[in-house]
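Lettered A, B, C, D, E and F in written order, each chain numbered from 1.
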């Protein structure tokens, strides 16, 4: 996947150099992006209509897959994650009820608007700035269709930036973020890539999209990670003091209204043979659904 | 994936029963299908423009993924195949040259129009008849964009029916087919499913889409398989007489102009840990590219 | 295994339809069942004699394998479990002592009466009612041979019904049950199968075989699961309140005399390559042995 | 499995030393062996009756599993093979027809008498001499039930000795043997074990059970292997001269009437994750069935 | 690996019997051992010089691999562990910072003197007594080069004996030992091998190398294990009383100055496909580095 | 492994910049290299003495491991290969005889001088030019010890250059080379690395070390590959014309005296779970031993 992506960029840059009319390329890219967003919009619209026709809901989480893996610094399998997570959610070995008893098969509890066609867009030579815009716009399209709320399936952690940006812009101001991770992903830039999965929270904080950022579970943090944390006023809770901080955290945390969520960095190519990690990802999605749906 | 598909059908049937206005559902499905085909069309158009801008080609194979697995009777992993095959084609452990020396990175030799959004369409409750039409129409959209020629990545064998139908209709008459398989896939119907992966060639022959059908490599054939073969005038070459038939087969076979191809039934969930079968599928795609591109 | 089972039923039903004398079939089935039970009886008898000849014990857990997987709704590998668990119990990478220091190699601490020949019985067309009776009778044969006590190796969860029934009937009244599971397995019927692994506790409660049923560890329970729980007076402890309930549970729980136990639903085909789950199942058997043996 | 076996022997020897009455032990062992053989007999009888009631056959191969792994010098997984091979034979990913078109689901073409309860017998302290007799007697019981013919599923190669002995004794004289293997398995004794899987053909030749022994496919043969071959007049065809010998071998080989067969040394614990070797073993069983059934 | 080792011993014993001059063999072995130790010495010396040239440190942990697996009673893969642990330490999917923020890429924090060439030495017929001396001498060579401190990568647990002996002798008296393990490894002798991985702490205690031995985490202990524990005054804390003992243990334990450590018994051949256990071993090494470096 | 290597280079370059005395570093590196070569020399010497003491041989292949993986462009696992190949050679599941009957356990047929300590040398900051010299010198040390002949276990294909160079220089002129591979590995330079595994034969031909180079089995060759082939007069036989060329090749090929060999590019991290590729590598080593030993 990553190879395709790099290749896409590579030969299109060569095309430009070879005097391919820029206008031809840009027009084509725009048409492909427009068609991609139209597909998301129509799916969100149909799903919204169905939910409402069934009696409606106050909030209905809606899956949106973002199969993007090329901004990882390591293995790039997260691009393969969305269909595997869906398979694990509906897999016969578990039932379709959340721990609190909500029935996932009820479209008012959970719906699905499919995947952003990331690979198709990148392979046309679209650059990362515009790709990030497409992701933000896709999240926005879901939120436009009341009562759908985005439950995004990554992809790597780089997608959190456009997801959070879209949510913040839609809601009209900075939002509160809970970030569960072993790493703070707040490098200014990683391996020369400002959209790296290790830099997403730097972009979010710079953009003013977060009123408050809680990072819980940190196990591996460098000096830069701590300094960036201080610079942006991030509340970083490390795993080694977790038993001390637990009470504090349980008093904030998931008490508010969860308007959007993403589950990222699941790499099916590093999973066990029987897909244990896919089951964990699906469990997260189920319980986030329980939390978000109303 | 299959579970999702079945669920889609299931709750939509319940929706109908619950007096959801049929018109609402059908309109939404039509809009989703239209948006899906528009995405394929725009991608094919851009890729065609690029090939022509680079000097053109007489024939340029173009990958089209059809991630459809729900018509398999066994495991349904073929829906996961297209991205894995692409990954194996471009993977760093092989080079990008065919055995005869063609350079796959040259867009005039191989291009890619992405995947038909099968899961997204089915999840809206679209039935199999219309899904098969979407696949045929997608293949047609590739062929409309001269000099692109479809090199379809399945999915299970059920997709061969809509692929062959589209090619035959576009060319204006029955075509010659070479089918390499251990099974003839020519049951009239399998487990009650006329679009089963075990019935695709029955549909092709009934539809009059094939002038001649050669099935090579058959190892496992039932009485019905043989009778259907006779009924439709299929030329069935079994593996146990392969050494006798080899000379005969080498004199026909791939001597003609290959206008389209599909590689189907690769199931990543049954692959070895290091993806040996993905590499075989990618090798087939490479050498089919060598044969088809001009 | 499941395929064999289904096939067995399938062709014998056809045989009946084809006017195969029912008497012939039933007589043969009875002879096979009798021979199977005789084998269990003789093995239990020899093991009982050995334990007594070695000085006896008050209670000696005795392994009894029930390789039954066809009542699972998902994957059916639990039929392969008993030999894998035995292998893991005696495997060289652990020693043969329980945590409290009992020596498993002493036949007074643990003995083994082998497997019920489930596949052989089913393949003769024996139906599920009679198969369940064979399992109950096998458990009974172990208990007949004082001081042996059944430590049953499943198989899927459907076997808990005939196991509990046999113990209750042998002891002359309802017994107290501790059930550790993420699911309550108390559906009235699952996918049309009253002996499903998801219905075993409905059968147990209906039959009046349990005085008290504690279900601990529930993570995934549907509305029907809760309603059936109430209907039968089941004490259901969910995982999400486990830290609260822990103290309470430690005060009852395994304080009584454990007269029988089963370890079920281990599926070797979903295990890790190095058999981590088999080791967990073996650990459970070891420590149950420590608890049961006297 | 092997550990269980060794343990069984170990503690029973200690029991003897501890003045456990030998008569008690021997009587119990005899009762277990009798019950085991009765189970085989009853199953063979019922299967024979069914075949005859369905119109009969001239020869009907009948599966007999011998899950014996403790005579292997290397890994002992072959004891787990019989259920895996059955699963692969009936597995949904292939159909149930042989290459020549025989339908395996027809009980006149293939039937099954289940497994010899090897582990249960050994765990009672029965020694190898008597275990080998039990296997021979089991094979004999199948042949007693006309028209059943034994198609034995090992287990390791040590079982070929009792299988061939039974067939030869039943037919009243030495038989012709075709042995496909990379090793000749003809050591006089291997690691001190005369029943080793590397010594089975030494036992067969010494016993006078073979009129002619063809060993085809030899790739790894020691000086002792060649000398034993000469001593017993074995016809050894090595892989490195296979292309030269092929014509010769095709003129004898499987031309005769195949009265019995075994498929041995399949080790599920060394199989690929998706059971490729199990599929090969099942394929052998299918085509042997085609050859043997009449 | 183990096979090689056993073979080495085997044919050299035969060589002696065949009147190979003992002097020739011993001289050669001595030269090989001398060259091996020279290689360790030169590497330690260079690494010490670099650390000092960079400004020095009070204590700098230095990896020393001891790829020894032949003293395990079970599988012998620990001989393959050192390169896998190194790979996991530096692997791109984690960063190179410890939880407390020390940078592992700084040579003053962590350095590496490579592996003792165990296989090369054993294959020359060197016996276990002398091999254990080579290991002790290698550990000593690291400690000679101030400020390097040995962080040894096993290998199986048998190497703890020569490691502890070297540290104790270097420091001039018995040391305090913390041993985290499920087994006490304190058999007088195991399967006839006094250097077995199950006997290392018997050797350590007999030699008077430990002032105090805390064994924490014991889950599987035999009567001999407890008796040896008493005999040597070992403080054994079992897992089943861990919650009770935790407070006590946190008050001693790792409060002192850690002068040396080993991480043993990691067997790559039993790891999951994605190397989860290697990552755990690497995590231990990272945090031990944090603790040891000053 | 590769990460270690890169790290080594990285921090040593930084050390130089930080005014670490170059003399200090170079002296240390020289001492480490000298000690490494001394270890190889002593092992070769001892093995040569043993062979001669046992009666000698005309030619005795001697294993020499070169665990070098950092010059691969793809995955770098070949550095882990030498111990796995040794394990597979001596593994209990095969016997120790070649197809022609030579006994590998006889030290006059096969001996082993162990591994070049590649990782230890690189981690001291030694550059690739000097590392290649160390490998050549190690091969030379084996050949110095008559009758030992090098049978090198890679490592990736980059090691063929220093191996061939050493053999040619020892023999006093260009040698004939048979190269079995799917790729020609004759790029002038690959990804900026002149010692890449894809460039080894360019280095060999430039150096004048080969009189004749036959490349057999080529399946994937680029335009540069063909042009370099022509430039250096390489005889390239492609797989697609193999059936035509076979007769020709069988008449030259391995008819001469094989003075040295290497087996490279085996990557244990891409092997099947049961090590099928390791077994293939070991089989090659066995039969090369049969061919080389005299």
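Basically, a contact is a pair of C-beta atoms (placed from the backbone, for glycine too) under 8 Å apart; a residue touches a chain by one contact, two chains touch by 3 or more.
As the structure is a prediction and not an experimental result, all values here were calculated from the model.
Considering every other chain in turn, the ones in contact with both chain A and chain E prove to be C. More C-beta pairs touch across one of A-C and C-D than the other; that pair is C-D. Per-chain CA centroids place chain B at a distance of 44 Å from chain F.
Between chain D and chain E the centroid-to-centroid distance comes to 47 Å (mean Cα coordinates, whole Å).
Counting partner chains per residue, chain B has residues 92, 272-273 touching two or more of them.
The list of touching chain pairs reads A-B, A-C, A-E, B-D, B-F, C-D, C-E, D-F, E-F.
Residues 92-95, 97, 99, 101, 103, 272-274 of chain B are the ones that touch chain F when the two sit in their complex. The part of chain D that touches chain C in the complex is made up of residues 1, 3-4, 7, 11, 15, 18, 20-21, 24-25, 28-29, 31-32, 34-36, 38-39, 41-43, 45-46, 49-50, 53-54, 67, 79-80, 83-84, 86-87, 90-92, 105, 107, 112-115, 117, 119-120, 123-124, 273. Those residues of chain F that touch chain B in the shared complex are 73-75, 183, 219-223, 226, 238-240, 270-273.
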